[in-house]
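Take a look at the structure below.
The letters A, B, C and D name the chains in turn, as written, and every chain counts its residues from 1.
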Amino acid sequence: MAARYDFASDNVAGAMPEAIEALIAANQGFASGYGTDHVSRRAADLIRALLDVDAEVRFVASGTAANSLVLAALAAPHEAVICHDDSHIATDETGAPGFFGSGVGLVTLPGASGRIDPAALARTLAEPEVSYRQSPAAISLTNTTEYGALYSEAGAAALLGAAKERGLKAHLDGARLANAAAGGFPLRRLAGMGFDVVIMGGTKAGSTPSEAIVLVDRTLARRFDARMKHAGQLVSKGRYVAAPWIGMLETGAWQTRAAHANAMARKLAARMPFPILHPVESNAVFVEMDEPTLQRLYAQGWQVYRFLDGSVRFMCSWATTDEAVEALAAALKQVA
Amino acid sequence: MAARYDFASDNVAGAMPEAIEALIAANQGFASGYGTDHVSRRAADLIRALLDVDAEVRFVASGTAANSLVLAALAAPHEAVICHDDSHIATDETGAPGFFGSGVGLVTLPGASGRIDPAALARTLAEPEVSYRQSPAAISLTNTTEYGALYSEAGAAALLGAAKERGLKAHLDGARLANAAAGGFPLRRLAGMGFDVVIMGGTKAGSTPSEAIVLVDRTLARRFDARMKHAGQLVSKGRYVAAPWIGMLETGAWQTRAAHANAMARKLAARMPFPILHPVESNAVFVEMDEPTLQRLYAQGWQVYRFLDGSVRFMCSWATTDEAVEALAAALKQVA
Amino acid sequence: MAARYDFASDNVAGAMPEAIEALIAANQGFASGYGTDHVSRRAADLIRALLDVDAEVRFVASGTAANSLVLAALAAPHEAVICHDDSHIATDETGAPGFFGSGVGLVTLPGASGRIDPAALARTLAEPEVSYRQSPAAISLTNTTEYGALYSEAGAAALLGAAKERGLKAHLDGARLANAAAGGFPLRRLAGMGFDVVIMGGTKAGSTPSEAIVLVDRTLARRFDARMKHAGQLVSKGRYVAAPWIGMLETGAWQTRAAHANAMARKLAARMPFPILHPVESNAVFVEMDEPTLQRLYAQGWQVYRFLDGSVRFMCSWATTDEAVEALAAALKQVA
Amino acid sequence: MAARYDFASDNVAGAMPEAIEALIAANQGFASGYGTDHVSRRAADLIRALLDVDAEVRFVASGTAANSLVLAALAAPHEAVICHDDSHIATDETGAPGFFGSGVGLVTLPGASGRIDPAALARTLAEPEVSYRQSPAAISLTNTTEYGALYSEAGAAALLGAAKERGLKAHLDGARLANAAAGGFPLRRLAGMGFDVVIMGGTKAGSTPSEAIVLVDRTLARRFDARMKHAGQLVSKGRYVAAPWIGMLETGAWQTRAAHANAMARKLAARMPFPILHPVESNAVFVEMDEPTLQRLYAQGWQVYRFLDGSVRFMCSWATTDEAVEALAAALKQVA
């Protein structure tokens, strides 16, 4: 039986046609290097328009790199970044923030479904500074969260407000910002909420490898290209990293295809025979499933992951089909 | 007058059709992530076959990252890498080796046309180790060199032999390895010459951003994926970084198009009205040109660079046309 | 009322006479620099004799630096070090291991009274390696632990045995090794237990700032002086960092004065009106004390700390007097 | 014949009586840790008074660490520090600035006798910023220089003025600031000249290992203790690193003994049979000496170094005696 990766992650899908077509269109003639080209400029313009913000924009091929690059700009090595216990930067990036940030620390906080608990944040912010601990210089939110939950504008703004009162900077890991936007998170309010930097995910939304670094606080842009080059993140043929965004944003597909992914998750949730453990607010369904059952599902070829909290995760993407949901639902029913 | 970037660098060209077609072909269905996919495996197989070596192969989007990642694996932070005074790692990567290597040092040596002078190497290797200097742990050669010159097999082997006698490891910056191969550098002898790691350039050869890291010394491969992820260099949709290699290697275009670039350089050299300062052994022509003349050339729209040694550089690529060479030759004649 | 720091920590005490006298004795004539002097050699000989091991020995002024320097030698940046949840390297060194190790990770494990739980270690060692996590390359034990508990030889050997079976290296944070030795931990068995590196604490034992780095695995000593210099840890007048060890070891005071500190803790424990929360196996007493009571104690001038687990810590040192214990006991009785 | 290290360096001397006596005096009673003690406060007060500046002051045991810690605070990893070709940070610290600064670059400039050539600085400051080079963020001067020469107030101010016009920060490596002060460099004008940070050398002046970090720009002091701890530079028993300064400054010995060292160098210069290659403005004499002659000198037991520029260096210190100068002069006469 052939392995089926459809629901293993949203990065197992290929690239959407709009992204590929834009990439092909960018493959014309000569262009200046290192992100100074016309393609990168156009993609940046589209992002500024979408977010309604006069930000500097850069493109890199890895979300881990995007997050780490900017966290190193927001916190000194002897400082720390506040994030959720199960955030990607804390659990899935092989310590990359510490590498880019020369040992910068992470202060991880609990919270239901990947959203930082405001009371936990308040306690952390109230702690006295001591020389033998890394005091926080920034806060990082992830939207949608690792558990597919959505921060509301008010929820994000409240956390950022508390953090900024103490002088912290704010970072948004938006690897799944398209899904958040499709779920109602207002893109044009990101600056207003207080984010200094937004990582806007292309890859999981359906691009070839590309993430946009949106420097809302433009003072961070000083020598940022040198920072990228120094960290091996400024590719010479930059147009190929930027191009997919033109296709995805000019057509609106970045968001409409995320809406499709979200809808597929809701559909799967509706057919789910196992207890659902997190709110289905985007493109993921997390369920309770014992190990023998999961093994039976594996035996049928379905590749999925048991996640950090012990739940089993099913991810939908722009490429998820009705048929795939039906097939999975049937398999789940059978193994249940 | 429109700017013409044709000869500014070999990274201003787009991607060759063979690369783009393979990229499109890779955009089918679902695939596992982080370089474990079938596309990455196929590309690695092709490289192993081409180099006749049982190496581990990885793909990254940046040559700077490729070089730095492996140099950090070859030398500890308190050690150094020997390289040429004008090598890319020493002059054009914004200190990236020091970033990846936590302050690893570079010991730069002179040598005509970018080739390390054997006598200078011998002197450096003979120096006593002292605690207040970073002693060398590796040597890095670049072929073709920054000045378009070619190391012969014997020339490379002699340098590596001297270095390895002292226990150093050896790295090849092959950003233009295709041009070197087209110029006669025997790819199947790389392991025999003593290289522990080879960076095989895709980008300048005509790929979308992609460089292959060839770990000839397989012991370096232990936890190398984690090393890449930690450094923000392991993209989730790895197939798009690997795919172009399939097209370029299955068709032989990686090397035949480099041969074209080399031929264009020879053609340009034959028409060159200015003194040529370095042997034209690959796709570059370096000439003596005073500043007023260069300004007249700029005024005609031709974008080229004055290089580290004061010469003016003209780079050809897979995309350089006869017409472009003619047009440039005419312009040069006019400003001379 | 004057503040009394006697029980705040064992590093609030001054230096014992034996240490100061040796320092004065070392202040004669000229000496070669950077640890190559006769004083450093003599101190290293004494340590090798005490531990019965043919190790390389170096001296630094900071325990944090000593730990971090060697952890960076034992684990690559993309790897991790296993340690206790409340170990000094994880909680009290401002992220120094990550700084020295360029983002090296820590995998922290639970265990009663600061001793790593063997079952937790077994689970961690059994985890599959994945590229998105930092896999362990070393284990760090602390003896005595942060809670004043003692690893037995068998207890330490069992943990190290399990770790070494998986290829890990082993580090001993012996900031309070003198107290452990005085408590029965056999110094001449350290190599046999499997430690590759031992940090032997001078400062808390009663020295001016000095910690000995004992490289049991001599292969780690290659270019170690350069590693130290690169990290700002190789002082030119090295004799002053090494000298106190001569006085402390020639007289046996390093251990006999630690025995005194341990005895003072037992005496304090015997007079303690509050519940004791950890075994009193060395120079610390940890008790349950509510906040109003602690504030009353503070009001009497006694400086002590509420520790990571919520208990209140009283530390004895070589300089703790019977009178101080009596005075503290009286104060405790009064506030109880 | 016994080796004589007297003139090998100024760090082969022991500690002056004033330093040792202050250290002994500090060894009384209990004191709070990590530089918060009364001894550190008193030493800092004396330095502020001497320099007539309201700076934050910290103490570390290594000059390499002192320099690197603050350079990492002045320049980001993707930036560079301008310094002299032969400056200590560039040539004698095993790459420590790159380690502390996560790959921060050095731009080294020529200049006679270790003083940066103003024209070379002007050229560097005029270079356009490009993403593939590390652009300067700070400048570092050394006074006295590596060649024993002295910057005048006007000379230093002119270099700093040019640098600060471009927004750079300024660092003084004052490992031999005592010798500079004794030579006429006005300590109370350091802030006026534009230095943001001054490293004030204790060790070479005749202390046990201690260097003072003077943060003239007090904004750099924010979380500086955490920065030190993170880098393994905040020792718990801080009083022992600070104490010698009390003795050296209360008595004026820090400067008067440097004046003695300078006088010894002048005396040696007056007796020198070899050509003197650098101005004798402090405690060093650099001469031209061929290798056979140097070997004859070595054969007589005199330990000195052939320096970066090929000259042979003789260093005087607080401990240099008239008799030693006579003995060396006699030996030089004999081998000449």
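The definition used in the following text is that a residue touches a chain if its C-beta (ideal position, glycine included) is under 8 Å from a C-beta of that chain, and two chains touch if they have at least 3 such contacts.
A quick note: this is a predicted structure, and the numbers were derived from the prediction, not measured.
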Shared touch partners for chain A + chain D come out as B, C
Can you name the chain that lies farthest from chain C, using the mean of each chain's Cα atoms as its centre? B
Whole-Å separation of chain centres (CA-atom averages), chain B against chain D: 41
Roughly how many whole angstrom separate the Cα centroids of chain B and chain C? 48
Approximately how many whole Å separate the CA-defined centres of chain C and chain D? 33
What are the residue numbers in chain C that touch two or more other chains? 77-78, 93-96, 99-100, 102-103, 131-134, 226, 229-231, 234
Sort the chain contact graph into one of these: line, ring, star, complete or other. complete
Residue numbers on chain C that touch chain A, as the complex places them: 77-78, 80, 91-105, 131-134
Where on chain A is chain D touching in the complex? 34, 72, 76-79, 102-103, 129, 131-135, 223, 225-231, 234
Any idea which chain A residues touch chain B in the complex? 4-6, 8-9, 11-15, 20, 23-24, 26-33, 60-66, 68-69, 93-96, 99-100, 102, 203-204, 208-209, 226, 229-237, 240-241, 303, 319
